[in-house]
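Below, subunit A partners subunit B and then partners subunit C, in two separate complexes.
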Partner chain A sequence: MGVARRLGSRRATRVGLVFLALFLALGVWPTSWLPHDPTEVNLGLANRPGLWAGNWSQPLGTDFLGRDLLSRSVYAARLTLVIGLGAVTIATLVGTVVGLLAGYFAGWVDEVLSWLIDVQLAFPMIALAVAVIAVLGGSLTSLIGVLAATSWFTTARVVRAQVLAVKASLFIEAAGALGAGSVRTVFRHILPNVVSPILAVATFEMARLVLTESALSFLGLGVSSPQTTWGAMIGDGRAYVYESWWVATVPGLLIAALVIAFNFVGDGLRDAMDPTSYASSGRTGGGGLRSEQATEP
Partner chain B sequence: MSQWVAWRLVRMFLVWIGVTLVAFLLLRLTGDPARVVLGEFASPAAMAAYRAEQGLDRPWPAQYVSFVSKALRGDLGTSLRFREPNLKVIVERLPATLELALASLLISALVGVPLGVVTALRRDSAFDVVARGLVLLALGIPNFFLAILFVLLFGVELGWLPTGGRGGLGHLVMPAVVLSFLLLPLTVRITRSSVLDNLSMDYVRTARGKGVGSRAIVWRHVLRNASLPVVTVLGVQSALLLSGAVVTETIFSWPGIGRLLVTSITGRDFPLVQSAILVVSTGVVLIGFFVDLCYAALDPRLGRSRG
Partner chain C sequence: MMRNAVRLCAVIAAAAVLGCATAQSRLIIAQSVDPPTLNPFDTTAPYTSVYAQVCEPLMFWDTDENGGAYIRMHLATSYEWVDDLTIRLKLRDGVTFSNGEPFDATAAKVSLEKLFGAFNYSQWLEGLLSEVRVVDEDTVDVVLTKSAGFVPSVLAMGSFQIAPADFAARGEDAFNQSPVCTGPWMVGEHVRDDHITLRANPNYWGGDVLYDEIVYRIIPDDNARVAALEAGEVDMAVNVPLSAADRIERNGALELLAVPSLRQFATFFDTDNPKAVPLLDVRVRLALNYAVDRAALCSQLFAGRCTPMAGQFLTNQHSGFDPDLEPYPFDPQRARALLAEAGYPNGFALELTYTAGRYPQDRQAGEAIAAYLRAVGIDVTERTVDFPEWARQFDARPRETTALYTVGFLFGQDGYLALLGYTEGNRFRTSVMPEGFDAGMAGAATATNEADRIGFLQQAMRAINQEPFAIYLYALDDLYGVRKGVTGFKPRGDQTIRLLDMGVARH
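On to the complex of A and B.
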């Protein structure tokens, strides 16, 4: 397949991939190399500016408890990624199964599953997520679960549409004529043909979920201290933003960079799979996989 | 056509039933609504009294039926905090939320559509590249972070705009602009790709061949055809504005439903939370229905084929 090569042929995609690799490395690497303990409180050093004020000891400054922002940002990268990846994995698995079932069996299975998707689309997701977390109590598991719940139907819709298209092809008919059962047809013949769009959707959803998680954490419904994510760090910095703008700005820019990197890679994936799109000119098409879903705060 | 409308109505009602189910289950996620509503430290007597008063000792299906039939009659229960009917509390805050949503929808359309058209017509020009870069940035920056920066810059440093509350036009500007950043990137992208798609269509070539000027082609043909997906997406995504309002309203102390939701959750007023979510979702279902109707009216092919 030329997908990998076409993927690497775009500069924006390469930039996105490099950034993602960097963020992943930061998240996976042990934090022992960090200059300071990310959770160490030192009130004497509270709200100190970083390099721009000649502070080489804490290059990105400190927050209201005197914690080193560089160390904290790296420390928070791990949980930010774990929550996003965890939620997107669950959402993709559920969405794929639902989409396959709805697309392949059609009839009442499709009606029921489409109804479920319509119901879910009716809810203002942030509001519902906020309410569910408030009822269940905030924890890593409930956060990942709620985020997955706001995302699975995007995959389900795309997979369903793809399955409907693939199902009409001759080779599926041939598989049926050769005696392949439903399960075999779905998993051996249909699934491999819808993997690429699933990957692209997952990439865009990852970007969206990072933003949603940051909004929930900002509202104080995310993970609880000492655990932290970039969104929670913005929440920490909000009250001190007038005296020390960097406390909220550092994690804010990190989130933006991560989300944009995922979007670059998603655009690249979509174009690499779709020979009709203008891969070389980097057309930012909204018409493809992305059209139905916008980014929540 | 009337059959199609009837079918849409049935579907809308079925979706609404699903919405009520979710709202109903929300309070029962932990198994005991009395504990959710009254909190961890409520006395057993108080909980028993609450259960009896709310009919929570009856079987779930019976509770659900009475929940829906009451909701249909406009009875959404009473708020614990305000000691007033939930519906009244919510309706009082509805104008603020609608004002904010409409203002940001307007900004998204007035800025996003021209930007999408121009970037499509001048594809790969410097303007296109810069504009798309900015759109990407708008997509990536967390909305609430943007709000903080705006407050800092325009509210505190420059002192041009009030930093919170609802009043005149000045109060509306910052929250509306921040909220519009949710839909703006999508609007630009959809408009741009829709115009690009239409520019490569056969009818454009035919019009060119007939000697129609490029300005006339764009204004009379392309824009008209390209508008349909844009209108649909904006309509469908209005739900997003109501959702995004939760964060934006909280930051700007905007007295709408989003902020009501957050303060109700902090105040453990779960009957109000449940009702607010039900009201907003019902609104979204209705909007979806009307978008479908408009779509069918604009494009007569769809009325028949979409069943």
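On to the complex of A and C.
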């Protein structure tokens, strides 16, 4: 069975993929079709309920400044995804390079890099992010940078463990005997064998980073108004949660859906690319990558 | 058996009576800040809310039945200007400090000298005192180095009287923890970050003290403070957040009290900022005032618990407020036209800083103001900071604030003192203060007749109405939650608590 087919064979993964496609479409498409300008303030319409109260003009209601929540949610999707994808891309690249170096060269390189990973792991990540953003200010780039800094070591640990396993294989020994240099061995022979766990980790990390970004934005440490993310929208709605529940609930549900979708797809990817884990774990969701992460020192 | 039952009933009845008696004579107030000092010459409002029950002033700011500010005499029975430099104070007879020391002219001299030397009052009083002269046992003259008509206003803020012998014996640090004064209550115990207990002064000169104990419970979190009130753990809660107002109003056991605050909110123009060049043009500054819908901010964002500023930088609670001025109308078209006339038909770029978490709904208001300015074509970049960061930016040299910043200031009831910081050489001065403002303030500085002072201040208000130095925004209501049955509490616009009228039955 091919990877794509195995991926499509799980219902949860299919649901996750559909949701992800939907969210990506929301993020990529222009916002000109939206019913209202997502940043337009109209205090006369503040905290109006939506369809459930017969309001067809703002189907998801309005927030405390009278901004349309539907338009705002779509507008925020773009930034939420850009921040998440940007951070995960940087974290994956850095984590992969560090993992490859540590796993392949072993010795003092491994010791130094592993120590670095341990130090990062021991640090409370939200505290680090809050401190860095407090110093740099809450901008798009600083947010992406901080989130990447709280994530790269997860990939690094997984890659290092995989490299250690792959390095002991006969074909690596054979490549060395045929005169392949370190660079060729690492990038031509080892990297392709660790790509699947990297992809799976990246998907899970994406879900985690969306949540972390939401937490930071909720604390007011995210992007500056009028830009917004779903986390920032929840923060906005916090003060009105008793009177206007929808202001915080709509972005909350969207975050939940996005995180669940990424987790479904991550589970599917992990199993589809690792037939052993699929066979051993079945559809219970445990398995290969997770147990590997758990046993890694 | 029957006898035991009777005994039991008697014990329960006695306990109930005692319980009621205790409950009636103790007032528990939840406030957010634990005062590190009860030095009566510190002006911080939550500190004053505690020491003002212990220490009494010669006179203090109060509001009349129309809500207007006036100076109410207390330990002094009258004051008069003997000449341009001398204020004569007549002191109340028969007053003693809680330790038995007599309150007389000699004691008043000590306290007045402390007030004129206090750091918190130095912005108004530094270098102003020539001497405090004891005329007779009940009369002192405050002799000034130069004419300053606002001195009675400052006396009404901080002329607290302290027991001089006790102060000399115990030293400043010990005194500041438990000052001995003439008030209806005395400092009992202070458990840091938990509570402060005041006990009734049995020898109070002014009448019967109705509460044996006043307990301040320190509850910094807004929601926890309101929850304590709802649970019946406290009788009164200060700084009730807007989000809890409706809940308290709906609660049959509680009452919500609102008072227009003296805190003046504005989006200030830092015209010394090189990025704020367009703001040097008065048409632009007027345009920004027309661009913001204060009435909508008040009615929607603050649920109507707010009063738009009437085209001047004083609230109607301040002395010197000009009742003939109106709020700038919300008129985006006029704003656009003025911007075009000033040479900015397509607007310009500006940065706006506002605080988050310092004032009620400050971040939301900041976002709304930014949106209003964008709507007339100004490209606003928003910066959200916490208050200490704003203060750092403001105090940095050179100043690091952005071209626009929104904050709220509370300087008491006297309009002159509230505006003094904007006069030449002072902290808040910017390059665009109009001449009429300076002339009015200069007149108010020396006038000793109250009507003249108000006339001069109103002249200053008309000047800054025609040439605004800020977007004058609004004054918010301060909200207090009080348990029903606690009667007579009168909230004050300066955010301090004074229990004199509710806690003492006059002889």
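Convention: the second predicted complex is superposed on the first by the 276 of 297 C-alpha atoms of A that agree within 3 Å, B and C clash if a C-alpha of one lies under 4 Å from a C-alpha of the other, contacts with A are read in each partner's own complex, and residues count from 1 in each chain.
Just so we're on the same page, a contact is a pair of C-beta atoms (placed from the backbone, for glycine too) under 8 Å apart; a residue touches a chain by one contact, two chains touch by 3 or more.
Because the structure is a prediction, the values reported are computed rather than measured.
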Worksheet item: Counting only touches as set out at the top, which of subunit B and subunit C does A:G66 meet: first, second, both, neither?
Response: second
Item to complete: Identify the partner contact of A:Y242: answer first if only subunit B is touched, second if only subunit C is, both if each is, neither if none is.
Response: both
Worksheet item: Can A:V195 be said to touch subunit B (first), subunit C (second), both, or neither?
Response: neither
Worksheet item: So, A:T39: does it touch subunit B (first), subunit C (second), both, or neither?
Response: second
Discussion item. According to the stated criteria, A:P226 is in contact with first (subunit B), second (subunit C), both, or neither; which is it?
Written reply: second
Worksheet entry | Which superposed partner A:L51 touches (first subunit B, second subunit C, both, neither) | neither
Item to complete: Classify the contacts of A:V28 with the two partner chains as first (subunit B alone), second (subunit C alone), both, or neither.
Response: neither
Fill in: Overlapping contact positions on subunit A, where the subunit C interface meets the subunit B interface
242
Worksheet, complete the sentence: Note: in the complex, subunit B contacts subunit A through residues 11, 14-16, 18-19, 21-22, 26-27, 29-30, 36, 123-124, 132, 135-137, 139-145, 148-149, 151-152, 156, 182-183, 185-186, 189-194, 196-197, 229, 233, 236-237, 239-240, 242-248, 250, 258, 261-262, 265, 270, 273-274, 276-277, 280-281, 284-285, 288
Response to the item:
subunit A contacts subunit B in the complex at 115-116, 118-119, 121-128, 130-132, 134-136, 207, 211, 214-215, 218-219, 231, 234, 238, 241-242, 245, 248-249, 252, 255-260, 263, 281, 283-287, 290-292, 294-297
Worksheet item: Where on subunit A is subunit C touching in the complex?
Response: 39-41, 43-44, 46, 64-66, 137-138, 220, 224-226, 236, 239-240, 242-243
Item to complete: Write out the stretch or stretches of subunit C touching subunit A in their complex.
Response: 243, 246-247, 293, 296-297, 299-301, 356-357, 361, 363-364, 366-368, 370-372, 374-375, 381-384
